[in-house]
Structures are given as C-alpha cells and as structure tokens.
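Same chain, two partners: chain A is paired with chain B first, then with chain C.
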Partner chain A sequence: MPKALPEIVDAYKQEGKYLTGKWIGKPVKTKESYRHIRGKGAFADDVQLHRMVYMALLRSPYSHAKILNIDTSKAKEHPGVLLVLTGDDIKKIMRRPFPQPTTPPARNAVDYPLAVGKARFQGEPVAMVIAEDRYSAEDALDDIEVEYDPLPALVDGERALEPDAPLVHDEVGNNVMAHVHYKWGDVDHYFEVADRIVEAKFHYHRFSSTPLEPNVAVADYDERLDIMTIYCNNQAPMEFLPQLAAGLGMPFPKLRVVTRDMGGGFGNKLANWPYIVLAAMASKILGRPVKWVETRTEHLQSATHGAERICYVKAAVTTDGEVLAVKMRCIDDDGAYARHEPAGITVWAQVVPGLYKIKALENDYYAVFTNKCPAAPNRGFSRAPHLFMIERMMDRIARELDIDPVELRLKNLVPPEEMPYETPNGCIYDSGDWPEGLKKALEAANYWEWRERQEEYRKQGKLIGIGVAVGTDSAGPNMGQVRMYNPRLPYSGGTEGALVQITPDGKARVTLGSSPQGVSHETTAAQVVAEVLEMDYDDVYVQTGFDSFTSIYTMHSGTYGSRFAPLGIPAVYIAAARLREKIIKIVAHSLGCKEEDVVLDDGQAYCKQNPEKKTNYRRIARIAYGNIPELPPGMEPGLYSIAIFRPPFTHPNDHNMANLALTYSFNAHVVVLEIDPETALPNILEYVVVDDSGRIINPLVVEGQVHGAAFLGFSAALYEEYKYDEDGNLVNSSFMDYLVPYATETPAFKVIHMETPSPFTPVGAKGMGEGGGTSIQAVINAVEDAVAHLGITLEKSHIDPDTLLRMIREARGEEV
Partner chain B sequence: MPQFKGSELIEASRETVWGFLTDPNKVGNCAPGLKKLDVTDQDHFSVEVKVGLGFLRGTVKAKYETLEKNPPEKLTLRILGSGIGSQVDIKAMVGLKEVEQNKTQLDWVADVKLSGMLAGLGGRYINDAAYKNVSELFKCTREKLKGK
Partner chain C sequence: MSQQTFHIRVNVNGRWYEADVEPRMLLIDFLRDVLGFTGPHIGCDTGHCGACTVILDGRNVKSCMVLAVQVDGARILTVEGLEQDGQLHPLQEAFWENHALQCGYCTPGMLMSAYFLLKRNPDPTEDDIRKAIEGNLCRCTGYVNIVKAIKSAARKMSTRKQ
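Then we have the complex of A and B:
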C-alpha cells in the first residue's frame, strides 16, 4: 500500500461503523421517479415568473468572419422588442472578457458571450434580442442586419499547428490553447530493450452525448432586494459564479443560483454560463425576469461538443505480450474558445496506463483552437479518449503478436494483490479484482465459443466481430490536475458539502452541494441518512437540485467527474454521523443512561436497560429546538449538521505526480456483433457488462447508470458524430442528420455486478456514472475484429455503414 | 461548393429574352416568393423573398449585381442573400442561344455557397429547392414573354 494511506483507511473503517445494510444496498424506489413518471418534473423551463420576457440570439452563419457592421435599428422597432444588444454593447457592460483558464500566449484570447469584431464558429451569438414573448424575440432577429467578411476556416486540429494555418485568435499569434509534455518512468530504456515497437494512429471523434433537455436559463433581478436569482441547468454553478459576480459587479451573497431537475447533462451543461451571463445582464438592465431556452439545432450547433483527439501511439512490447512502455503524441481540437478546456489536456492523467501495469509513459499533448463549436467535457471527459487509445492499442498489439486480445489484457492487468496500486504518475487505484471481472464478462458472453465459431462463420461469408475492452471510471477528481498545465489556476483538491437537519417535526432535511442531472442524488443521499440515523427512508427529504442560498458548497461543488459517490456521499454520511452523535447525547441525558447504552431504531430511541421507555425524533427535536433547559448542559440548541468531505488530495509535485481521483471503479464490456456484408449495418448479438463500482448504495441506480454509459458509448461509436465541412459549417445540426439511436436499435445490455468497496471513502461507494467510455472501445474493437481478416483497420472511434461498406468493397477489390 | 445547372427553352427572340433578363423591374418581379423589390440601377437591385425549406421558414433578403454583360449572349451575375440564420452566395452565368426564330435556349450554371442553417440542413433540401425556384423564375419569364 502506498505511503500515507493506511491511517486514512483505518479512519474510514472507524467512520464506516454505522453501516448496517438496512437501507444502503437496497433497491428502494427512487425519490425522483414519482414526479417524473407523472410528467411533473421541475425543470428550469417550468419556471414561469410574473412579467417574464424572452431572449433570442442571432448567431453567425459563418465559422470564421469579420463582423464589419451590425445594424439593429429595425429590430429595435419590432413590436414587442425591449432590448437589442451586440458584442460591442456587452463589451462595454462587462468590464473585462471571460478569464482564460490557460497560459500565455493563449491567455490573450478575448472571449465575450457575444462575438466582438469577429465570429469564430458557426452558431456563435453575435446579437441578442429581448422581447415580451419568444415569437417577437425570434422574429426580430431577422431585422438585424450584419455585414460579414468571411475568412478562411480552420477545421482540422493537426492543420492548426501548421505555421500558415488561419489564426482563430489574432491576439494569440498561433492556435495553441495549451501544450504539455510529461515523462513518467524510464521510457527510453524500455523502448531500447523492447522486442518490438507497435505504432498506430487513432482519432477520437467529435460528438456530444445528447441530453433530452437543452440549455435553459431564467434570470430574475429583484431591484427591491438587489438580488439576482438564476434558475438554470448548469452542472456546476460554483464554477461560473465568480464570472457572473464579476460580470454583474455583484457580491456572492446577492447572487442566488438554483438548479432543479435536469433532463440529462453529460458535461455539456458545464459551460453554458455565457448564456446565463447574457440573460442576467438583460434582467438587470430591464428589471424584469428573462428566460432563454435553447433550440435543439442551437444545442447541436453551439452548446458544447466533446473535444476531438488525434493520437499517434507507440508501444514498447515483449514478444510474449508484456506492454512495457507507451509514448503518445496527441492533439485535442477544442474549438473556438477555452471555456472549460483546455482542462482535458491533463484530465486523462487520472488513467495514464489504463488498467495495466505499464511501467513508463511519455505523453506529449496539444490543445488547439479551431473554428468549431467550443469543446467542454462529455461523459468520460478526457479519460474516455485516453482509454480509447490504450484499449485500441491493446487490440493492435495482440494482432501484431498473434495473441488473443483477452490473453494480452489478462497478462497486463493490475492484479488484485497489488491493490491499492500506484501508477507511474502517482495515481492510486484503490481496489478491485480486474482479471476476475474480465473473466466473468468473457464467460457471460460465451467469448471462447464465439471465437471458435468466428472462423466457421467467415467461411459462410458472415462477418462476426468480438470486441472486448476494460475501463475504469476514475472518479472524484483532484482539481489539482489542471495545475499540471497551468500552475496559476486557483483550484486544487476535491471536496463536496452536505447539510443534514432533523427538523422540529422529527423528519430529516438534506441539502447537497451537487447539481444532479437525473442521477438520483435525492434517493442515494436519503438512503445514507436513513441508514446512519436509523430512521425511515420516507422521512428523509432531500432538496431537489442546488441552491446557493441553502446548499452547502465549496468551489468544487457540482455534478461532474462521477463525483457524487466518492465525494458527495461521504459528506452526507459524515454530516449524518455527527448529528447521530448529538442525538445520542440528548437521549442519554433525557432518558438517564450512558451514551453507549442508547439504541436508535426506526426513528425511535431508548436505553438498552429499559426498552419500554421510548422517545422518538419528534420529541428529541422539540427539546433541541424549543425546550432548551432539557438539553445537556452546555449543548448548542438545534439539530443541524454540516459536513464538507476532504479527501487527502495534494497538488501534483514537481514531477507531475499526485493521486488525481479518489476512486477507480472497474468495468469490462464484451460485444459480439455481425456486420451485414452487403450493407455494412451492424447487428449486436451479445452485449455483456461487468461493473464493479464499490459498495452499491442502490442497485437500481447503478444499473441505470451502467446502461446509460453503455448506451451513450454504443451511440457514439455507431451513430453520433458532428460533421463539419471544409468551410466550418456543421452539416448535421438537427436530429434528422445527427443520429441518436432509438430504444429499438439499442441492444439489451446484460449487466453483472461485482462489489469491492473502496477503502478510501467511508461508505466504500465508487463513482461510476461515466463508465470510462468503455463501450466505444469495445464496439470499435468488435467492428474491427469483424473485418480485420480483410486487411481493414479502423482509426476512428466512430464508424458509419457508408464508410465501412466502402472499406469492405475496397478491401475486396470491388467497385466503390 | 454545390454547382447547379440547367437549360430552358423560351418562346421569344434572343433580344427579347436578353432585354427581360437585364431589366431589374422585369426579372426582379419574377423572383419566387417576392415580397419586396428595390431597384438601385440597371445592374443592381435587391429583393425580399419568402422562403420555406423543410422547417426553415422565413424571409431572405438578397442583393443582385450584374458582373458582366455580353449582349445578347452571356450574362454573369452574383446574388448575396441573408436570412433564416444563413448566408447564400450565388455566382451564376446565363448563356442565350437562338435555336430557331423566336425560340431561345437559355443555359445556366450557378455555383452556390451556403453558410449557416442552410448549410446545416440544406443538404437534405437544397437540390429540390434550387431547381424548384429556378423553374418558377423561368416559368414566370416564359409567361411574361409569351407571344412577344
């Protein structure tokens, strides 16, 4: 076990003493479902306020163009229009542009929520209209006349680094958003002693997992109280609050940000704040609530996309299949602005060697500006593309060495006896039996049987592919990871807050620092509180969403990075445990026995010696809130408990080493599919997932997350891809062309659970919502496996039937 | 950049057709979906037309400019349009050939550059829409020139 951990593990074992299994681990009905199945969800768009007006945005049709002139005079006269603003107006209102989270010279890029001087991606807002109703606002956009001078578009990440490439930001002088180069271990030595060097190029494509609900903001400035309330569906409101405060010139205590139900958010709702800032400014100017609801086309074209990554990979291997060292040179195409990126340039460092005992790694990563929609996290942010490269590379190595890809994996996986395992860059994989997990998945998918039959099927002209991939959802991030590219960034570590209160009626009230987007935080938090306080699950009320006026937060708060189970749940647990200790003291004093003799049971309490004489939470709360002389002497009245969980994260050291996530869940995906030789359409025959996300709080929730992650990966591999033409036009900006599979096209995922609690959190649950993107690599491995005998290799993380059919025909020497 | 081309037969002399096509007040009034026509001079005019492509509906404002005239044989022109979240840049060449007396063959070729929504959604509709609009323009031309 790495140094400095044993005492932490012991501390958590001690704190984990209240786990009885009465509520944790049970498939209790989710608290959120009841309102959703009745169509009574409380989404941001459900907010209707008195005198509310609507915002619409005029967006650039060009991906790159100078703005020569904007004439808003006619739009201002349009019936119902109250306000029209352009980039130049916003520039005057905001004292400075959005701070750029990167290093010079990229930091010189100028970013306003409306384009100033030049539009840098198709769909970038250039003007905004506020009107009495949404129709008038949208109609008035047609009355704004913009004179553009189109410029050459930059749409290729590799081209961005060429000296004669068009410049996205003239102020920067080149297109590099950030650059890092790390070496961990003696890479050169392993490349010298290796039997073989295997090389490949991979391309993680541009897509964005699709939420049902687009971005929404309602800004309500109350002049009387001088309070700005924002209802929105941002996944981490504390991330943009500083920028909102600066833009509006208002202090935090006057800014109330509220999230409620969210219709999905996979990272693509982290960077929607430029729109929130616009709505807030308009509300302050007009003194009326302003609502903005994004259309689907706006969402696809200009919300945020997951970054595209090109990687050149070299692996040093032995002939018997040991992977010694890996070198990568990668380029992230992050689009037009650094609005959350270039964080992805280091976030992959949570999973540098994948799940393998690779001894040394060299990673040279660039993030570049292009004339495309700005990138932001997408389910499996930065780690999924990295694991894609590793898992695809394992298949390539296996093929070159003529070893079965699962044998190669089993040979290199970190074995259970080495857990907790420290990676070459200082990350600490906490627990799990990964080889056993892979074996379970192979068995459930009849892997060896399919392998035997594959050859026979080929003789019959059938293209059967078997794809295997393993992944880890590194969860509960250490924000210090971004200091690896920019040591000046303010945040490091990773924390989350919670409040648990027993209200005067004996019920529990809970608020969370997280902003759940359909991931059942109300349910799992209630299960933990019910367990620790030994009360009924139905008596625990968890506030929906986040409210900066009532939630306990830190600057890391939010729902991203699979962080609720490893960081949020411990905060809830510790808050409840502290409250339990106070309750026991009150009971002991009130019933006249020792604290260790107090028994809590189903919302009631008694002394072991006298079980007949009971009290309950209602009576205890009445004492705590109202009958103060009956409290133990010196005890503070009330039954509030606040906890902020602090894991033992440090800044990365001078060698860029640190533990960058708190828990590392495991999954193995096995896919068997058939490719139609005439149409290249895939048909999934078998899909098995083995998942180990530590202690399961609610199996229904875990099952849903496993399905969701597998679905979105399958969807990205075979359906979802943003396609730009050479001029930077997004050519699939509606659901007619940007494909998302229906339930009818989605395979039935067979899910098998393993449960290895994390030793690093008090409850032992691991983050698992993102799934590490494993399904993408498994599906692409399967497609390549189906056609590899024809001499076809796949570079991209996405394959559509047209492309595959062309490859098959070319390989067969047929006319394309 | 998509290119479109076609041929039309018009029952009128080449000079008559030329005269029609180079008179903004005449040809401008044949623009499909015309809402408004403003003539600046012989070689420049602007129109506002109603457009509907799938769910993209609205008004497009377009400026017409004659680039080159070689009467009565060849005409090159440019149309710059904007509206419905899009920009359209058309460069077209029209050639006139008299096939027999009072029968003129009109050959046209147009390079069309689309940006914005039309580029995103246009792939699906643009072919049909382009030919439909051109055919409406020439249908109107034919009707106005009938018997002239």
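Then we have the complex of A and C:
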C-alpha cells in the first residue's frame, strides 16, 4: 500500500492548540518593508566601521592553468595598500585546506580560498589586496604580476568521465566528485512487464538566479576581547562556522556571525564563505575591520552557479498511460570545488517519483569536477532539475502514446485518498488534492479551449504552444540525505530554533535561527507569536536576521530548502505556546482562579469568572522579572522560552530509505505562448499558477513567493544561461549579456490558491518559497508543444530564439 | 588616494553638502560612502540593474553612471527624501500595502523610477508602467506587485489632488 503506515503518520503528526485565526492567515503588511520603502534597509554593504579597510581580489583569467609565479612587490608599494597575500601565504596561515564533504579519492582535492599551485576555474582568486579604500585596492590588483601556464580545460560533464579527460584535481586521480547507485522498488520487473519503454536525454542548463545584492563580508577582529565579528549575507552561517573556526583557529564562542537584511539569496549565497574566511584572516592580521563587496561581474563569473545536470531517462509504461518505473543515468557538473555539492546527487531523492505513483526508480549517478565555477544551490536545489526530468518525460510519454499530456498526468498523479503517501524510497508526501489543483489551473487558463484552437492557429501559420507542469516544493529537509553519498557525515535530522521572550515591559522579543533574504520571517513569526500569546502584532519585535551570539541555532539553521514554514515556524509556535502556558500559571496564581479559567485577550488576562478584574503582560512581566515572591511557588523567574523543533527524522537506512522532507506543497503551472515563426521570439499569452502551500500564514508573502518562483523559472527557461567556450571562458559575465528580464519582458502571472493544511506542522503551513522549479518545465513544455508538429524536440531546460529559429528552419528544410 | 580632488557642493533631499572628491568617484559611492545615504544600492557594474537610481535635477539617473564631480551645484532626490514630515509618499504606502518588494534591494531605485514616471504621467497604463521601470531589475517579485503598487499610487495621488 502506498498510503503511509498509520504509525509513521502518528509519529509526525502535530497539532496547533492555540490557533484562533486572529493573526494567522491575514494579509498583514510586512515589518521588513517599512524599512526598505524608506531606504533604511540594513544590508551588509551598509556597514561602516571605524578604521575600516577594503579587500579586492585578483582572479585567474584562465579556467585551468598552473601558477608559475606571482610577483606582488609592486602592488605592496602602491599608495594606500596595507596587505597583499597569495595562495601560498594563505596556505601557511591556514595550515590545512577546507575540510571536504566527499569520500576518497575525491576527498583528496585541495581547496583553499585563494588558488594554490593552479587555478581551476575562470575567476578563481589567486591573490588579495587590502587597502585604505576600495579604489586603491582595485588599482593595486593591476600591479600584481602572475605567470600562468595554461592547461587544457574541462568544460563538459560527460567528457569529465572519459579516461583521457584533463584532471581538475591531480590529487584525486579522476574527475569524480561522488558516485551513487540508487535502486528503489523492483525496477527490473516493471521494465519486463511494461508495454513500452520510452527513452530521452535531458539537460538541465547552468544558470543562477543571481540575487540583486552581490556577496558581501565585513570582518571585524577585536583584539581586546579576542572576538571576531562577521557581518555578511550568508544564508546559513552555521553551515560555514566550522570552516571559519578552522581557518582562524578560534572557538565558536569567539566567533560572532551576523546577518541582517539580505538582498536576495536563492541559494546562491550559501557558499560565499571562502571569501568571508579571507576577510576575517586579513582583519586578524591587520587588527582593522575589512570589507569585501563582490562586483556583479565577479558574482556571475565566480560566486556559485546552479549545477548543470544531464540525464538519460527511460520510462516503463503501459499502453494506456500508466507510468510504472523509471531508470536514469545522470551526471551533475559541479564545477571546480566541492563547496556545497555534491549534496545535489542526494537532495533530489526528496521527490523520487515526482508527483506520480511511479513504483520504482533506479539512478546511476555521478557528480563530476570540471573547470567551471563551483556549483551550489539555486532556488529549487536539486529537486527542481529532477522534477524537470520527470515532467519533461511525462510530455514525451504522452506524445509517444498519443495521449493528451494532461490526461496522462491526471492518470498518474497521487490521488488525495492515498495521502499521506509513502514514495518508493520512504518519503512521506503529507497532504494535498493534486488532481483537483491541476484541474483548477487548466480551467483558469482555458486549457481545453486553447487545445481546440491550436490546430486552427497552426493552419494560419501561427506557432502556439501550451505547456503544463505540476510540481512540489519538498520542504524542511532531513539533512541526513547527505549520508547517501558519504555515510560518515555527522549531519542528519532537520531542525530549527527560536526564542520568544516577554520582556519586562510586556512586549515580545523573538530571535530566529534563520537568515532570511527577503522572505518576511519577521512578519510571519510575529503573526504566530501574536496569535499564540493573544497580543498585538505591533508589540512583537523580531530580531532582524541571524546573530550567532543571540539566535537559537542548530547546525542546520539558516534559510534554504524552503525550511522556515515547516521547521522555523514550528519552533516559534512551540516557544510561544510554552510561554503561554507559563503566563497562564502566573495569571491563575495572581488572580486566584484555575488555569483552565484564565482568558488571554489582546495583551490582557483575566479569569472567566471575573472579566472585570484584568491584568496585562506588563504587570505579569513585572512579577516574573522583578516581583518574584508573587510568582507561583517554585516557578523559575523570567519569561524566556527557547524551542528547537525536531521532526522524527531518521538516518537513511542501508537501502537509502528515509523520509527526507517534512512537507510537500503543490503547484500547477499552465503556460500558453506564441513563437514568432520568423524570429522565434516567444510571447507569453497566458500564465496561470495554482498553489497549495498548506495553511497560509500571510497571503501577501505566499503570493509574492509564488510570483518570484514563477518568474525565476520563466527567466531561466527563456533568458538566463551561463555560456562557456571550449577554453572555459565564461562568455556572458555581466548583465549586458547574461540576460535577466525587465518588467517589459515579464508576463503577468495569475495565481490561484488552495489551502490543504499539513498534518505534520503545528500551524499547518508548508514550505513553498522555492516552488519546485515548475515554471521551467512548464515553459519548455510549451515551447516544445509549439514546434513538436515540425518534428522538433528540446533537450535542454533553456531555449533562446537563435537556437529555436535554427531548429525551425532546419525542420522546414530551409537554409540555416 | 593622493589624486587631485575637486570641491563640490550638492543639494541632497533639500540639504546642501560640500566635499572634496576624486574626479573618478562615482555618484553612488559619493552618496553612500561619503554622505551616508545608503538607500540607493549597487547591484551591478554595467548600469543595467537600476538599484542606484536617484532623481538628478528632476530626471531619474543611475547614479553609478554619473561622476560625483558632474553634480556640482545640482539637486538630488534619493529614496530617503520621499517621506515628507513623517508622512510616507503614496508610492511608499502603495509598495508597502501591495507587497511590492521582498528583499528590498531594488526598492529604492524602483521607487525613484516610479516617482519620475508619475511626475510626467499621473495616469499611466500598465504598459507605461512596465516601460518606465525598464531600467530597474527586480529578482524577487516578477514585477507583478510592483506594477500593481504603481497603479494604485497613481490612482490615490490623482484622487487626493481632486
């Protein structure tokens, strides 16, 4: 039975006792916006410290080259320059390179924040300059002379596995970052009994969603207190604190990492820590604060890119359209270093069968090194590319079987009566009515009408394409999935922390373990606290960002993996609920009634029997902090509440089975577009999204996330792609040629909401910010649908007008 | 460092400031690092993102494309100058109410381009609005709520005038 066993469901079940709907579900204007609309956002680059100096980096123009010599003597003489360091200097200071997450031999790769011996991707830093001001630091870079011996570049993930391919890391001996072979369910049986095997190759292209704010670090070493304070925009400071501690030789209690407002992240700011380590080392050497701000060109060329994925997919299907099993052989091109990857070869396992009842899946999977920018997450990390393979495959199967792609999906979607649903690898899809969601989207986009008219349009020479895709944002990850490529990693479970305090003036103070990047955690956390503690939203003050000296954290803390709603919000809820219970005890004692008769209402409290006799949070707090004899006997003074939410996640077992994410939101995208037959330029005629993210805490925030996820996918499919030439030069490293759409190119997305609460979180909210990448698959399905009758198929997740025009002309037998 | 400097006098948000600047200093660096107006942001190095947009003598400009020495004697309005006597500008109110921002990094530039649009065209169509913010990139919102907010502000401003 695919329906999950009741004992598993019971173990995950959560209830929210204190939900009234007073604040949760309301379109409350966000706390964060009030700063931003007045130009008062607190971004890392806004930090100005006394005696602050600036760091600039000299980067390798070659993608792969031996570094024969670096002459820094002239740069050191440049006016204003305080310090110049090369990779060899850093190697001496750090003593050992960054710890590698991989298993041998990939583990032998040597990774320092400045290249040592050779450069492995274009833009890899080889030397750094610290100067009194930014302009002088950049000037001095020109005075550094580096002698390179260029080596053949490896720019193709498939080529990386060939025995004669150039070696990115000589110490590794091959280019394999990780290799796994997963088999869930009786794949061979289904391939034997299937009526038909459908095969395809797909290529998830290299792009990143490029937050508008580049990476920034300000490191401030205080010699008197021996404390290193880092202001930065890393999305998960606790992930890199071990690297920072190792690099500086300092213990955690001496390292204060602070994030405040962050100008977007999308996963791209998870692996900026090598730069933070450099700034911190320089600050320690100079005894002065050091600021580093990445330029846009540096960001696009050398920060991190979303991994590129190539998959050979085979599906075992029946003639009437049942998809039984899938076999895959995939390669992730993860670039030059394992700085967050190869996690991507396991993270997709949260969504093994996509949204379908596929019974078995096998994947022989490689992650490889190449001479390209290191890969790290991008919105929809690893699951979006996998859902791309599945959703594109569904369209191919439909075409081969001559079934409408929507009918095929409706036939195979997990039905609501089988929720919570256990996938072949042990993940639990928590709730949802997916067929209904898809139908709603089709109706809103007039799907059947467009299908009918499509043929007519074709006769008139018009190319109309209709693309449909469904997706899920698997959210609140069980980090233990990394043990599926390295079973020794001491990193598992999925947790988040929060502190809720009623301060002595009766207001609420909240700190979070997350590092938000524009996702309104201050607002939604305040709504939950206001609701549970029955107080005014304006009286709840949530600390902006993360501070390792004040935030309650675990090693999983941060903002990634759509984890705030499923993990962070429950921590806030539980902390507030515990505090509520303590407050009720104090009120009962103080007003002389039973606890169950205490009523909390709008920051005030009274006993049911005597509503006239009221107390309030300020008076309760005075007792708790200062007038201790009036507390119930034996009660600990103070009104602090710390909670760390722990779902009952386990390690993956010997068969790589485990529940890998806590909640599964749903979305369906329907895109109708027209391709100009002369220019191949796309024009979006209709774009509808149905979204079900469980219980909505704030509709403004949820809708904003749906818009954003749809936009970034649309943009990746039609505009954004990193293009490398055969020598490993990135040929589009600025906004001049790495195209990101303006308002004039962007369609108006229509959004329809459904609300199926998650049984696994106390508020019922699900993670949803990443959106599962559904728009990419929907847009590509639409483009392919527009030209499929010409015999054209699309392999990639990106299509530009030049390429498409060439395909159209070739298909029509015209000269290209 | 150690280059010749020029003395400039600039009015920002109604107040005059004087400073000695290097001829190569960009206006955005002058506003942020010298005067402390950190509302305008830097999001690119090619003049494409518009996060640094300010109003210079009545026109919207990308302040990364202007040198500080060029603005000697000029009047500049940054996002910090939109609020008057503690009252939010209708555009600011509309951006807040319509959730026209998420990370807030593009917002200061976006607001100034919208401000310039409504000065010229108090009743813009959706197309006018999209064209007016064509020089401003946003990565978070898909522009949906930005367009909605500008429309709503235009409506409110014309009602208030009547």
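Keep this in mind: the second predicted complex is superposed on the first by the 801 of 816 C-alpha atoms of A that agree within 3 Å, B and C clash if a C-alpha of one lies under 4 Å from a C-alpha of the other, contacts with A are read in each partner's own complex, and residues count from 1 in each chain.
Everything below uses one rule, namely that a contact is a pair of C-beta atoms (placed from the backbone, for glycine too) under 8 Å apart; a residue touches a chain by one contact, two chains touch by 3 or more.
Note that the structure is a prediction, hence the values are computed from the model and not measured.
Of the two partner chains placed by the overlay, only chain C lies in contact with A:H707; chain B stays clear of it. Touch criterion met: A:M736 reaches chain B and chain C at once. Looking at the shared chain after the overlay, A:T297 reaches both chain B and chain C.
Once the two complexes are laid over each other on the shared chain, residue contacts for A:D261 go to chain C alone; chain B is not touched.
By the touch criterion defined above, A:D547 lies against neither chain B nor chain C after alignment on the C-alpha atoms of chain A. Of the two partners, chain B and chain C, it is C that touches more residues of chain A.
In the superposition on chain A, A:E239 makes contact with neither chain B nor chain C. Judged by the touch definition given at the top, the superposed model places A:D334 against neither chain B nor chain C. Looking at the shared chain after the overlay, A:H36 reaches chain C, while chain B stays out of its contact range. On chain A, the surface patch touched by chain B in one complex and by chain C in the other comprises residues 297, 734, 736.
Contact residues of chain A toward chain B in the complex are 58-63, 122, 141-142, 145-146, 148, 150, 297, 301, 725, 727, 729-734, 736-737. Contact residues of chain A toward chain C in the complex are 27, 29-30, 32-41, 43, 45-46, 48, 79-80, 131-136, 209-214, 261-264, 266, 293, 295-297, 517-520, 700-701, 703-705, 707-708, 710-712, 714, 734-736, 740, 742-744, 746, 748-749.
Listing the residues of chain C that touch chain A in their complex gives 1-2, 22, 24-25, 29, 32-33, 36-46, 48-49, 51, 78-80, 82-83, 88, 92, 95-97, 99, 101-108, 111, 126, 129-131, 133-147.
Contact residues on chain B toward chain A in their complex (touch as defined above): 58-59, 61, 82-87, 113-121, 123-124.
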